[in-house]
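Next come two complexes, and both contain chain A; in the first it sits with chain B, in the second with chain C.
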Partner chain A sequence: MIQLLKLAYRDLGRNRRRSFFSALALGMGLGLLLLMAAVVDGEYRGSMESTIRLESGHLQVRSASYDESKASLAWEDLVENPDGMAAQIATLPPVEVSTPRLFASGIVAVGEETDAVRVIGIDPSSAANAPFSDGLVFGDFLTADDREGVLLGLPLAERLSLQVGDKVTLLINTSNGEVDQQDFIVRGLYSTRTPSYDDRTVFLPLAKAQAITRTENHASAVLVLLHDRQQAEAVASALQGAGLQMVTWEKANELLLDTEEFAAAYMTFLYLIVLGITATVIVNTLVMAVFERTREIGILSAIGMRRRRIMAMFFAESGLLGIAGIAMGLVIGGLLVAYATIQGFYIGDMGVTGIMLGDTIYAHLTLEDTLTLTLLAFVITLLAALYPAWLAARMEPVDALRAGQ
Partner chain B sequence: MEVVRTEDATRSFKAGKLETSALRGVSVSIESGEFTALVGPSGSGKTTLLQLLGCLDQPTTGRVFINGQDVSRLNRNQRADMRRTSIGFVFQFFALIPTLTAYENVEMPLLLAGKPPEERRTRVQELLDSVGLADRADHRPDQLSGGEQQRVTVARALAGGPTLILADEPTANLDTANGEQVMTTMTRLNQETGVTFVFATHDPRVVKFARRVITLQDGLVVNHNAQVKKG
Partner chain C sequence: MSLYLRLAWRNIWRQRRRTVIVVLAMGLGLALMMLYDGTVAGFQQAIYGNAIKILGGNIQIHAAGYDRDPGKSPLLPLPDDQTVVDAARAQPQVVAASRRIKTRGLATSREGAFPVGIVGIEPEQELPVSLTAQNVAAGRLLASEDEDAAFIGQGLAEAMGIGLGDRFTLAGGATHDQMRTRTMTVIGIYDVGLPEIEKQTIYIALGEAQRLYGVTDQSTEVVLFLHALGQEPAVIEALAPSLAAYEFGSWETSFPELQAALGTKGGVMNVFSVIILMIAGIGILNLLLMAVYERTREIGLLGAMGLRPGQISTLFILEGTLMGLVGVAVGIVIGLVLNGLLGRIGIDYSQFSSLTEYTALITGRVYPTLGTENLIGRAATVLVISALASLYPAHEASHREPAEALHYV
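So, the complex of A and B:
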């Protein structure tokens, strides 16, 4: 085996430039795949994190009859005494923070301009609202007793030409099915760097939101953040009670999870295409080697080398090219991924609905992806040797010896 | 003891609808230790006969025996095994692997035979010494002269301990002095080891080394014992 590898190494060294570029082709292919895998994983990871952080939490406790798509404000569809419930949930060890939220649909009106928005009543003091308080770009964050303040997303404010201190009219659905309207002062502008969210979400203090929607002491859900999201099912089971429904982050983000699964299958297809292209370079290199060394194959065959060993010789060359290419790929891919992890790719507002995409995608490369792609690249490189090896092994020694004469 | 025998061996080649007979029923027998020349003009069938004797090719009809075994219908791997264990080759071109040193080229048949490292080392050194190239062991073919390369080929041909060595025009690409040296080496090794040598040539300076001459013409043996020279 060592002799075979030694022979293969020297054979590759005959045309160093060609061998180098063949390995480089594989390296670039692998590097590209590592980057692709890292970007896709980073995109989904970021999207999931954003969704959990901004919208779903790890768990939401809702009234059994609450239908998210209708954003009902009828009392029977809401959770009663949400502050008490949140405080009780917060005592559970796996729970990091628990806070009530009231969701209502509304319209922001400024002069002639109007825009449909989602109004969320929050407890401003809760740590669960850190993404909004930390993301404050202008003005102040809300306070629990603020009766006139509203917090707007930066893109929405820019579109409506609103600044901190400006007056804005909010039309909101109420629990009895009517629409109420009230003027508010823009207290602050926030950015979660998730354009699709910031563009359509305004915040009110929970008490004010309850007052204007006439939902007194009710909330749409109690949002729960856990120390470990894998505990969601266990906590949901512990909280399960009559008249309540538990919506875990997995259930709330089924679409995203399904999309991720579909993307994984799609990416596998792409991986195979990219590696298939690089494999053709390896095939070409080895086929050329077979034709250049036809007489030598004849000599080896004449001195008793069996077909299997002749094939093994080309597999060894392919394997060495694969190892060199993979080493290059890990370096190239590592550098690309490092850049994309630190700097990210700015994509702005992609206009995607249903999935919360941040304005910047940060790559995230997992060890599993690295190992899978490395192994896949190596296997495909070995498979690339199949045809050249077969070509070499099927040569009749007499014909091979005659080559070049 | 008979090392090689052919019985009415023929070899035809087809090119489209055209069929050419390179050998048209050759029956020869070569005894152990012989130093035999196959002579004849170009196209007489010398190389084709050597290829049949060397299990590189198979007869269209007739039979070929090596050490008493019918090799006419062996499959590819069986023929490869036969070549590895019983036959050595010296070709007209200097048939060395260019990426391997002289030592490694000679070692190759021993590696293929699965010999242990120590045995390989001893045998290769012995063989290189026997062809006068012990000091050139670490040289690659492109660092050796044509004559030296051909002597390495002879050493390699002997490495696997064959009973038969086949040489196809072994001096054709050498100048007179180097050709003489290669033939002298082969003659000496034939006498020292008792291995049977069969070589094809049309060079009279080479034929003179043979103790037996088989003459072919138009794919037929026309003379079995044209010349006998005592070594």
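So, the complex of A and C:
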């Protein structure tokens, strides 16, 4: 085996330039695939994180009859005494923070312009609001007793030409199926760098939101953030009670997970094509090597080398090419991924509302993806040696010896 | 030149096996691009085809300033809508021209609240050409004298838990910072098979919209329905000079986010395709490098016969480019076959339709086109990369000393 590798190594060294370029082709292919895998994974990881941070939390406790797509404010669809429930949940050891949220639908109107928004009532003092309070760009964050302040997303405010201190009319649905409207003052503008969210979400203090929607002492959900998200199921079953439903982050991200699966199938197809193209370069290199060394192969078999061993020699060559190519690929891919992880790709607003897609994708390369792709590249390189090795082993010693004379 | 071409053509087939493999790699690269182009075009067709039918009209005409900011839809009345309608009807491609008022609103019931677009229409004008009018599931169409009556989608009716004859609250943005809230009765329900889209729009009579939203005797939009898709540019061109104070929009401009998304993805795909083709290009580079060695004596001979280094370079670059050209041919065949198959089977995208406002327009499966949309550009990329890959071997070949090369065994 060692001897075989030595032989293969020397053979590759005979045409150094060609071997280098073949390995480079593999390296470029692998580097590209690593980047792609990292970007796709980064995209989904980012969306998942955003959904959890901005929207779903790790767990939401809702009334059993609540339907997320309807944003009903009827009392029977809401959680009663949410403050008390949140305080109680917060005492559980796995829970980091717990806070009530009220979800309503509304319209903001400024001048001739109107826009549909989601109105969320929040407890301004809760640490769960970190994405919004840290993301404050202008003005101040809300306070619990603010009766006329509203917090707007930056893109929405820009579209409506609103600034801090401006007046805005807000129309919101109420618990009895009607609407109520009131003027508010823009207290602050926030940005979570998630266009689809910032563009259509406005915040009110919970007490004010309850007052205008006539849902006193009720909330749509109690949002729970955990220290470790794997414990969501355990906490959910601990909290399960009559008339309540538990929505874990996994359930809230179903669409995202489905999309990811769909994308994964597409990616596999792409991986195979890229590696297939790479393989042709290696096939060609080895085929050339077989024909250059026809006499040599004749000699080797004349002095008793078995066909299998001749084949093995070519597999050893492709294996070495594969290792060199993978090394290059890891370097190329590593550099690309490092750049994409730190700098990210700015994509702007793609109008994706179904999942929380940020305006910048930061790559994230998992060990699993790296290993899978490396292994796949190696296997395909070895497979690429099949045809040249078969060509070499098929030669008749006598004919091969005579070749080129 | 034709002599070089003949030489190059013969040369690339001297080692048939190698060339076939290289050409296959190039072809696969091109086929992959075609697959992408075909899928994107399929998506666009699926989205736009339905967009025109459901969202109304091939061309929308607004007052100047309406489209100043993307995503805005102000209640900006047209200065003289009758002139616009008359001018449009004079065009032979226009089937119908109808005035509308569009505003945003909130529809609420005990079940919940839903942001909707409220569209005031002229029923007599639109109903013959509108898809919603042809798909009435219950009740009746709007009539122009209807009051407090709404024509809503099946998707919205289900979500709101209301049916024919039921009442619900509809609040809409009016002019001058005002909101007008009104209790409406459902007089008809349409079902176009796209629940997500049906949730987005409520139709009322134009007269009622004018009264409710403070646009007395005016409208904010004129929509034109054309005989066929693709006639938009000609109609806009014909109308634009006489309607200088108006803005024209067509289905192409109606989804700015879709354009942005496709632009970004297209850019990524372009970079991606160049890298893939570069990998395949390494195949050409390696092959030609080998050819340079194998043909050392031959190159010496050519040099001795008086071919200048530049001419020898040209020969090798031609060989590389020819391989690229054959690759293009192979790629087109593979691409057409793959897209042809995929175009028959289709891609099931229905479970993701709620992802964006524009994918909500996709019904069932998406059928890719043949993917020839960007073929010229893609093929040019293949040829350029093939030519670039042959530069280095060509340089090597041209720098051989004829005398030494001739002695080479």
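Going forward, the second predicted complex is superposed on the first by the 405 of 405 C-alpha atoms of A that agree within 3 Å, B and C clash if a C-alpha of one lies under 4 Å from a C-alpha of the other, contacts with A are read in each partner's own complex, and residues count from 1 in each chain.
By our rule, a contact is a pair of C-beta atoms (placed from the backbone, for glycine too) under 8 Å apart; a residue touches a chain by one contact, two chains touch by 3 or more.
None of these values were measured; they are calculated from a predicted model.
Colleague: Quick check on the superposed pair: does A:R147 touch chain B, chain C, both, or neither? Answer first, second, both or neither.
Modeller: neither
Colleague: So, A:F262: does it touch chain B (first), chain C (second), both, or neither?
Modeller: A:F262 contacts chain C only, not chain B.
Colleague: So, does A:M28 touch the first partner chain B, the second partner chain C, both, or neither?
Modeller: second
Colleague: Between chain B (first) and chain C (second), which, if any, makes contact with A:S105: first, second, both or neither?
Modeller: The answer is second: A:S105 touches chain C but not chain B.
Colleague: For A:P397, using the defined touch cut-off, is the partner it touches chain B, chain C, both, or neither? Pick first, second, both or neither.
Modeller: Only chain B is touched by A:P397; chain C is not.
Colleague: I'd like to know which partner A:H227 touches here: chain B for first, chain C for second, both or neither.
Modeller: Touch partners of A:H227: none, neither chain B nor chain C.
Colleague: Using the superposition described at the top, determine whether chain B or chain C touches more residues of chain A.
Modeller: C
Colleague: Do chain B and chain C touch any of the same residues on chain A, and if so, which?
Modeller: none
Colleague: Spell out the residues on chain A that touch chain C in their complex, using ranges where they run on.
Modeller: Listed in rising order, the residues are 17-18, 21-22, 24-25, 28-29, 32, 36, 67, 69-74, 104-107, 109-117, 159, 169, 171-174, 176-179, 181, 255, 258-259, 262, 270, 273-274, 276-278, 280-281, 283-285, 287-288, 347-355.
Colleague: Show which residues of chain A lie in contact with chain B when the two form their complex.
Modeller: It comes out as residues 3, 7, 10-11, 13-14, 295-296, 299-307, 309, 396-398, 401, 405.
Colleague: Would you pull the chain B residues touching chain A in the complex into a rising list?
Modeller: 51, 54, 56-57, 76-77, 80-81, 83-85, 88-89, 91, 93, 95-100, 108-109, 111-113, 156, 160
Colleague: Provide the residue numbers of chain C that touch chain A in the complex, in ascending order.
Modeller: Contacts found on chain C: 17-18, 21-22, 24-25, 28-29, 32, 69, 71-76, 103-106, 108-116, 159-160, 168-169, 171-173, 175-179, 181, 255-258, 260-261, 264, 272, 275-276, 278-280, 282-283, 285-287, 289-290, 351-352, 354-359.
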